[in-house]
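Two complexes follow with subunit A in common, the first pairing it with subunit B and the second with subunit C.
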Partner chain A sequence: MFQHLTSAISQVLPEVVFLAAACVNLAVGPFLIGDDGTGPKGLRHRWGAWSLIALTIAAWLQCVPAPVVEATGLAPFLSDSLVSFVRLVTTVTGVVLVLINWNQIEERDSAESHACLLFILAGANLIALSNDLIILFLALELVSIPTYLFLYVARRDRSGQESTLKYFLLSVFSSALVLYGFSILYGVAGTTNLTALHLVFKNHQLTTMPAMLLVSIVTIVAGLAFRITAVPFHFYAPDVFQGTANSAAALLSVVPKVAGFIALVRILGQPSITAAIHLEYWSLASKSGGLLYLLAVATMFVGNLLALLQTNMRRLLAYSSIAHAGYMLVGLSVAVSVPQINDDATAASAGSVNGLPALLFYLGVYGLTTLGVFALIASLSRPERPLETISDLAGLSKTHPAGAFLAAVLLFGLTGLPPTAGFLGKLTLFLSAWSHSTEGRTLAICLAINAAIAAWYYLRLIGVMYLQSSCDDTRRATGVPAFVGVSLCAVASIALFFAPDWLWQALQRVGS
Partner chain B sequence: MQWLKEHWLLVLPMVLGAFAVARLMPKGEPRSSLVARLVGLCAVGIVGGTLLQPAGSVLNDALFFLFSGVAVLGAILMITHRNPAYSALWFAVVTLAVSGLFLLQSAPFLASATVIVYAGAIIVTFLFVLMLAQQAGITNYDQNSRQPGVATFTGFVLLGALLFVLVPSKEQAAPAPITGFVSLVPKASQVAQPPHQSGIPQSTSATTAENFGTMRGLGRSLFGDYLFAVELAGTLLLVASIGAIVIAPKRSSGKL
Partner chain C sequence: MSELTPALLWLIPVAPLLASIFIAFFGKALLRGRSHVPCVTALAISTLCAGSLMLMFLAAPSQLKPDPNTNSLHQRPSEHALQPVLTTPGYAWAETADLNVRLDLQMDAMTAIMLCMVTFVSLLVSIYASGYMHGDPGYPRFFAAFALFVFSMCMLVLADNYLTMFIFWEGVGLCSYLLIGFWFQKPSAAAAARKAFVVNRVGDFGFILGVFLIWKTFGTVRFADVFELIPHVAETNPGIFTTICLLLFLGAMGKSAQFPLHVWLPDAMEGPTPVSALIHAATMVTAGVYMVARSTPLFVMSPTAQMVVSGIGAITALLAALTALTQYDLKRVLAYSTVSQLGYMFMALGAASVSPKLATFAVTAAMFHLFTHAFFKALLFLGAGSVMHSMGNVIDMRRFSGLRDVMPHTRITFLIGSLTLAGCPLLSGFWSKDEILVALFEGTKAGGHETFFMVILGVAVLTAFLTAFYSFRAYNMTFLGEERFPEEAHHPHESPPTMTLPLFVLAGFSLVIGLFLGPTGVYARQLAQSTSLPGHGDHPHNILLMALSAAIFCGGYGLARWMYVKSPAVSAGLERGLKPLHRLSLNKFFLDELFNYLLVIPVKVLALLCTLFDKYLLDGLLNFAGSIPSTIGRIVRPIQNGLVSHYAWVMLLGVVLFLIQMLRALAG
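Moving on, here comes the complex of A and B:
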């Protein structure tokens, strides 16, 4: 009877490694701190290296193909190609975040901070793995609860405390909304297992959807929209990003978005095109398309227009991350709604791009470039010479030429210009929306307009770096670990432009 | 207009209730609003009346309306009271009443767990926090609700949507296949063919009819089907408690 439980553990080995390594941090960490409450010099380097070792072991375990598990009963986990994609994203994100955090964290807090990072990565993986509403909710919390702690220890002054508290309160509120939606979903379907849930709705052939499910979809999407900073649930992001440390802002710009989008994909499921031909067809996915459409349009425009007005770097990047959430919502909205069926459907579908692979590709590319920008700020920022506002960037091409060049590459990626992977990401999203339906074409046009608006503020940053001169011409010092992270991100975003196929081919399998 | 005529029995108590709650919200100097209280009771009464089914066992119905009425009124008093300590106590009343509803649904373990965890542990923690944090008396942000109008409106729109969905109107009642929380999963005893043939995965931990609702069935389900969820919840508690230890003291003044 417990056979499926023992077989399930083999599906989550990388996550077990993360959790075990984090527990070592928590158990050993307090003993390495002196009686005066300060850590010995170099403690943070040891914990950083320990995190990298854990990430390496987990990555090695991911490459070992897990034994094929025959799903019996209510299987708690689900291993498919979406899981391997999310594991790839979290591994890369984890490495870059460890590098950003390396020199930024105080020696005394390094053990807990790195432990939180590992917990968060395990939580993000478990969201993709979960095949059960309860595990999905717990995994979402395993991302957010360590995040509060990570935010707090990264910056303990007043503004850090304020932004941590803001994030804590709104995140708890959004979790409550998600849980409320989940309980309604369970009440209607009578099961918490996601596979069973989708089968129940499919098999029962109810001609109309129970209206209760609409309420649950609205609350779930609203709750998860906090995570992905979709308008109108975005308002906390700029304050929190501005008030917190660079490492925490980098974390917030990527991991909650991955968590939110993957959770939405898992809950809403995908519309099957064959079933769509029947008129009475409905599913959680097909009913949420309109809601996601509205969120996408509002998020893109509000994020980009408000980003034009910003002078603080992290605030600007917060609005930029809101705008990017809007682009990804275009992909999700296309992925969940049933494509228009017309006479030349077969002809169109031959060359068309699916919404889901486009969304996931963009998620990966966005994570890479935005982490790179935060790593660059963390690497070049010094307390006596901060990189807080846009005017601090002036003359960076003289004071740190390599940094300015890498920043230009990464900003090209965020703008969506070749030769970076950001171009391919926006292109695939645009094509997937364009080939989908009439509403999809409207979305695609909105996306193109917004990409043009966004180009203004990204390219302005490059202009400030290269064309304005700084009052202080001495060379900026480099934080080495974070700079390694920047180089990694920049090289990867260029490499993905020239060889996108290995990722794209893997993503094609997710949709089917 | 037509829509209003059909659903006035739902719209009216919502409007009355929203008026009463918005009026009772703490604001500045203390005041007693007898009108608002009466209107609020009226609204609760109307909703209760619409939910009343003609056929049903008298005792069951009486207990249901007792518990749910206490829960609703306790919740309203909780959000409108000026003193947070009293609010915490009203919250205890709400959880006790909800535990009674759980008992009616033959979930004795859930009921007792709710009493122990919520009415016992959590409310006491709330009261401790309030006593420690408020030695200087009640603060301004406890006496004034910030945006009573918007908050009440949002809450009642959600409540109205839920009631609209759950309470079938007279015309819809006949054809609608499901009118509320109905389990769509066929129980093992109801399906003709074995569960694995219907395609929907079933529990392997044998939640059969005889141990459904018992502690034995619950334990098998909790540590069988949901073992990983239990482990994950344990991990979460570990992170939360360590986090509290890290955040609480100033490290410069001590070892922690």
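Moving on, here comes the complex of A and C:
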């Protein structure tokens, strides 16, 4: 019993570090605040540094190879290459989010805010680690619940309260959907362990597919589609992004997406190609392909078309994040469905890009780029001189040349132009879809059309920054920590273009 | 070979690249007047690396052992003796099963020679430019583009396949465009830059088509693989070689300014003079020659293409030399002289088809002339720049004369340059030109195209005479005669040491390099190890031709001296007497006007029609198409009304719709 427990804990050491650090925040934080409810000056710097220390220790623990646990298959946690990828993404995301949050948070709230962030990161990692429906649900909630608090703490005015409440209500609704789906899944398969669950379907213990399973697929996908802002579960995103603080919007644009996609990958599993050739075969994955196809098309088009009309920066980025979720759904849809095997399309089976690595690569690249844009807004925005609407960007090339340059690099990345990693992300997604099947080709074409539409509003931002002049020509002040985050993201986005193998080789192992 | 070798090889292009990036980012804010420092330092590093690798090559052939490690020198299995190639597995950008993009460097003897020349000349020119460009508001911009050019040029010669070569071929073209239009405020400079770019586009179009055709025919674009597959393709599809070679040569014609695509080069003199010296005389314009020489194994398969190469070379050499006779702009004289000398090189390259034994010799002659030409033409341009610097940017030879006392250093080095260009015996131009004449002479003896090469040889001899004449015409008009200055020149003075030092170094090289490397056979032996050449062949000498070219030199020199120093009245009289011919030459055979009427104006009319079509028909359609997304967006927008209950309902609706969809799929 204890042996099981220690072996399980040894697999989740980085997450334990996150949780422990967060508990320290919550335990110590209240004592550092004065009686009048305000924190001493510089408190937020200390908590920010503390978060960075926790992230560094966790990153170091990730590099240390975990003790080999004999694969019983029924353990609650499962470490594989997907986990190491997710941990890498959350670490980098965490660092940038801490930097964005650094100066944005009030001194008195800094302990809670950073604690929430660490909880959320631990939750995201645990989603990848979990091998059990119950653990998976708990991990999803470990992301959601601190997010509500994080949203509220970051901005407490009326619009902040409104958006927090909106997010809370709809998120609870989606969690309920997911839980409903899980319970049906348990009812059908008789187990909550994911490995066992997939084995039940693979071994043909159920010769015909129960219709209830379809219900569970729909509710699980719908519930998680809320996290990844897929249409029509996206409505909260623009309102919440606009109403909340930059750090919270940055968090919402990345972490729930990572959580949602990884959870979907874990639950749906991957199609077995060899089985598909020989047998009348089905699995959770193969049955959900059509659904994800619809989601992908709707999400791409709605996200991009509505983004065209936006004037508020964060609202625009909300729609942009919806559109990017659509692109990633293309990868997921390709990853879960069985590739079409024609006589002439032997390439589809062998050398082509797989959907799953393409999706994960894009997830990482998108996360970096979009966090960079939010970090930039957070860095340059001041209460007296905000960066709220697109017209606030006018003349940025004069008032803050370095910021404008980095923003241009990041927007190039979001558009998918070389020399940024965004180009490679779109390219791999496109190739994976194109070489997959006829439906895949349709998706690839939709992706290309949408990338073209998206170019319009991204490049317009660059145009506003460089071609329009602002009425106020004085230099903008720079928020240093967030600006470090911007530089980090922009440099990484260019570096990943020139050395994609750094990430890509690690991802190649995930699919197999 | 040590493990250091690949690092040295990479350092050659990377050092200028880093310098360029550094200057581009920090030049304006930090470096300003010191912007030349990173550039000169980087070029010095490159020169040292190239020089040390060259020494390795000189020492290597006997010691080379096949090495399983690809990181070092190895020998290709070949029927010919030793062909050392240094390949460095470079940077792999993307490697998946179907997509494989790599950037590898390859260095063989030909590359080594080119690299030494490019890095060394650019080092000298950059030192010169630090004096020449002093005080220019665009000082950092100049050196950023300059270093970027050297990077592209090094990568061009280091490329191990046609595609990489093409990419950096475009790279040098871009830098050339940026530097010709360096003073873009001047309309003439902007127009010249545009002209160079557009004319080059015609050639590049041919080049890329050639690369596509190579890819389609051979299934690869790597030099080594292509050359290995030649015998195989020669059996199945011998006709393809002519097409490939002609397309490649079209590219060479653009970059190396061959008739009729040579019109951009004289205009390119609008750029700063160091640029003219480096890019438009010594290095970039020789890229075409290098490319054809590199592709020798392809070209020897197609005598037709070779004859086209020779023929175009001859026409260009003669036409440009005739034009140079009457130009008054000193830099334009030199520009036409460059065009003419490039034509010379192509004449020699074309003679490679005569016999396989002669191929190596002919290519060596061309490459040797390329090599010596780089030194003395850079010297002449820098000398002209020095004059221009002193004369307040006046370069019209009618407006100044007799500068021998004011600018003694410039004068002596310019004299050495002119002597070398004119082919004064024992100087480097003499040796390389002589080798070309010998190669052409051998062509008249065998190979089945005797008459053709007889004509070419005649053109070459005539051009040599014209060259001697116009180079001394320029020298005499500038430095001899009575002392006159234009009013723009406030203080006619000798240029600063940063400018004269490179002149002396280049003059020294122009004097001796030919003698050391030519008749001794060092250069030929070295180049023969290149993978692109079919091995060491004959090295014929011809005393008679040497005597002839010495006589030609004396004739041209004497005539120029007689006409422009002893009795200037003669030249004026001749000008009047042969007025139509003079005007023809002065106006560059009206080629610009011809192109204007034949090409530019029709294209402009077409462009106008397209604009109208675009404005009134396409724009309407596009605006309509562009309004569709936002119209749809406006229709969808009201659903986003901010009410949570509403959103929840839509989510539920979504679930129900998906459920229906799934159940239908199950049923159907």
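Here are a few things to note about the model shown:
Simple rule for what comes next: the second predicted complex is superposed on the first by the 498 of 512 C-alpha atoms of A that agree within 3 Å, B and C clash if a C-alpha of one lies under 4 Å from a C-alpha of the other, contacts with A are read in each partner's own complex, and residues count from 1 in each chain.
Methods note: a residue touches a chain if its C-beta (ideal position, glycine included) is under 8 Å from a C-beta of that chain, and two chains touch if they have at least 3 such contacts.
This is a predicted model, so every value here is computed, not measured.
The wider contact with subunit A, measured as residues touched, comes from B rather than the other of subunit B and subunit C.
In the superposition on chain A, A:Phe498 makes contact with subunit C only, while subunit B stays out of contact range.
When both complexes are overlaid on chain A, the residue A:Leu26 reaches subunit B alone and has no touch with subunit C.
Once the two complexes are laid over each other on the shared chain, residue contacts for A:Val188 go to subunit B alone; subunit C is not touched.
In the superposition on chain A, contact of A:Leu138 is made with subunit B only, not with subunit C.
In the superposition on chain A, contact of A:Pro232 is made with subunit C only, not with subunit B.
When the shared chain is aligned, subunit B comes close enough to touch A:Val153, but subunit C does not. Of the two partner chains, subunit B and subunit C are each touched by A:Ala211.
Put simply, subunit A uses residues 211, 214-215 to touch subunit B in one complex and subunit C in the other. Touching subunit A in their complex are the following residues of subunit C: 91-99, 629-630, 632-634, 636-637, 639-640, 642, 644, 646-648, 650-651, 653-655, 658-659, 661-663, 665-666.
Residues 161-162, 164-166, 177-178, 180-185, 198-206, 224-229, 232-233, 235-236, 238-240, 242-243, 246-247, 250-256 of subunit B touch subunit A in their complex.
Put simply, subunit A touches subunit C in their complex at residues 165-166, 169-170, 173-174, 177, 209, 211, 214-215, 217-219, 221-222, 226, 232-233, 235-236, 238-239, 287, 290-291, 294, 302, 304-306, 308-309, 347, 350-353, 424, 431, 453, 498, 500-501.
Of all residues in subunit A, only 1-2, 4-5, 8, 12, 19, 23, 26, 30, 33, 35-38, 71-77, 108-109, 112, 115-116, 119, 126, 132, 134-135, 138-139, 141-142, 145-146, 148-149, 152-153, 187-191, 193, 195-196, 199-201, 203-204, 206, 210-212, 214-215 touch subunit B in the complex they form.
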